[in-house]
Amino acid sequence: MATKPQVASLLVYLIISAATATAYSRRPHPRRPCNELVFFFHDILFNGRNYNNATAAIVGSPQWGNKTAMATPFNFGDMVVFDDPITLDNNLHSPAVGRAQGMYFYDQKSIYGAWLGFSFLFNSTEYVGTLNFAGADPLMNKTRDISVIGGTGDFFMARGVATLMTDAFEGDVYFRLRVDIKLYECW
Amino acid sequence: MATKPQVASLLVYLIISAATATAYSRRPHPRRPCNELVFFFHDILFNGRNYNNATAAIVGSPQWGNKTAMATPFNFGDMVVFDDPITLDNNLHSPAVGRAQGMYFYDQKSIYGAWLGFSFLFNSTEYVGTLNFAGADPLMNKTRDISVIGGTGDFFMARGVATLMTDAFEGDVYFRLRVDIKLYECW
Amino acid sequence: MATKPQVASLLVYLIISAATATAYSRRPHPRRPCNELVFFFHDILFNGRNYNNATAAIVGSPQWGNKTAMATPFNFGDMVVFDDPITLDNNLHSPAVGRAQGMYFYDQKSIYGAWLGFSFLFNSTEYVGTLNFAGADPLMNKTRDISVIGGTGDFFMARGVATLMTDAFEGDVYFRLRVDIKLYECW
């Protein structure tokens, strides 16, 4: 068995190691999420004839575009603001559990690709608070990862990764995204 | 009193617990801010006749909108870029301590709601650096929380929450926001 | 030499200190980057005559602007979406190692200043993943710091600071930015 001084030295070494690891390196981080959420959101684009149902509108477009139809080719240059219902399943008519609010714009000339900046707003018995997102959405990929860049309320200071999947679309007017949110920083 | 092996075991257990807690869970995080700041910023929207005073301009609008007046209803679809003075009190004519630069856009059809992406830029004796913000601004709420998503200079790597309050507004042309910034990550 | 109870007390104290430091303060953070990357990206703005070469287009503009030329003065109010090649050196014709996709807009009336929200997308033997950026770009400064607000794939959960430098520009149509990325959070 170790003598007392040896035990003490070992323990002091271990303590210092632990403290140093904390202060000077934040690895290894756990890659297990501290919270996982799955939602769907539904975007109905204003096309000049559907104002009442529309949840989104083109507000910027390139020189060859307009505000009631996507630009050709590949929607390049169209900028859209939206206030979309969030549901727990893929049914547009399910009760909304929150709103997805923000913008997306198409930024590629030779393939469908977009960039998103938006928030999820919750004010229900389940959640009160917001999650903020930013990132690229290369639409031809089956899954696209964007960043959860912050949160408030129940999601205070959250960070993580959200995986987008196009769950359905109908022409240029309707699309539905599935969003798998994994938070890795929870306060 | 504990025997030596018992003391050693207990201590090793405690050390491993501490180290594990560090590596595998970052809770509990302190919810005490590491920095608190309060500012006001002042937005004067270009309306076709006030170019010299204007600090903001509509650059995107929906099909039914234009660039010199907010769209009806609820400004939905209007996108604005701004370069607003930041002051320490609610007086537009107080010395500016920095600039708020970025954009907001109105994204709701049936109530006033916006989304913000912007930065605070400081270059004074007090602060040199930037804070970056993103989040939803449901304007009818008395207070709205957005995220501090990063910072540079004196605010290197900052994260936190900023609470917005509409301190005053005059029609569509002027509004003043009070921003209570609480940083929870300070480097 | 310390008696057993003294050793035990000291060690318990040290353990508690270390654990407390971990839980209640995350300082001091290391300011040594955990990853450093340098890239160039190249922006060719659509001017009405260069569609095939253009990597960017004006999609929003102020009342006095248009979609094929920068607004006067100082491009104020012009909003641009882009999909720019990323290279390892300052040669536009070097092999692209990724794409810079997102938007910038000019938000100052009396000097050149912009705000950026964009992503770097990598899908090469070197890197697979994305980095997301946001921040102000006061163009007259030799260097400008923006935030790395998140990342995915090889850059999972990254945070840091990116320093922008204008490496070259040709009128309003071409500019090249050098970006020095320093990550301080790597998972």
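For clarity, chains are labelled A, B and C in written order, and residue numbers in each chain start from 1.
Here is the rule we use: contacts are C-beta pairs under 8 Å (C-beta built on N, C-alpha and C of every residue); 3 or more make two chains touch, one makes a residue touch a chain.
Predicted model, so just to flag it, every value in this text is computed and none were measured.
**Q** To lay chain A over its twin chain C by CA atoms, how big a turn is needed, in degrees to the nearest 5?
**A** Superposing chain A on chain C takes a rotation of 120 degrees, nearest 5.
**Q** Is it true that over half of the residue numbers where chain A touches chain B are used by both copies, so same, or is it different?
**A** different
**Q** How many angstrom between the C-alpha centroids of chain B and chain A?
**A** 19
**Q** Hunt down the residues of chain B that sit against at least two other chains at once, touch-wise.
**A** 4, 7, 11, 15, 18, 22, 29, 59-60, 79, 117, 134, 149, 185
**Q** Along chain A, where are the residues that touch chain C in the complex?
**A** Residues 4-5, 7-8, 11-12, 15, 18-19, 22-27, 29, 31, 59-63, 65, 76-79, 105-109, 113, 115, 117, 134-136, 138, 145-149, 159-161, 184-185 of chain A touch chain C in their complex.
**Q** Taking the complex as given, what residues does chain A use to touch chain B?
**A** The contact residues of chain A facing chain B are 1-2, 4, 7, 11, 14-15, 17-18, 21-22, 28, 30, 34, 46, 48, 54-55, 57-60, 66-68, 79, 81-83, 101-103, 117-119, 121, 129-130, 132, 134, 149-153, 156-157, 185-187.
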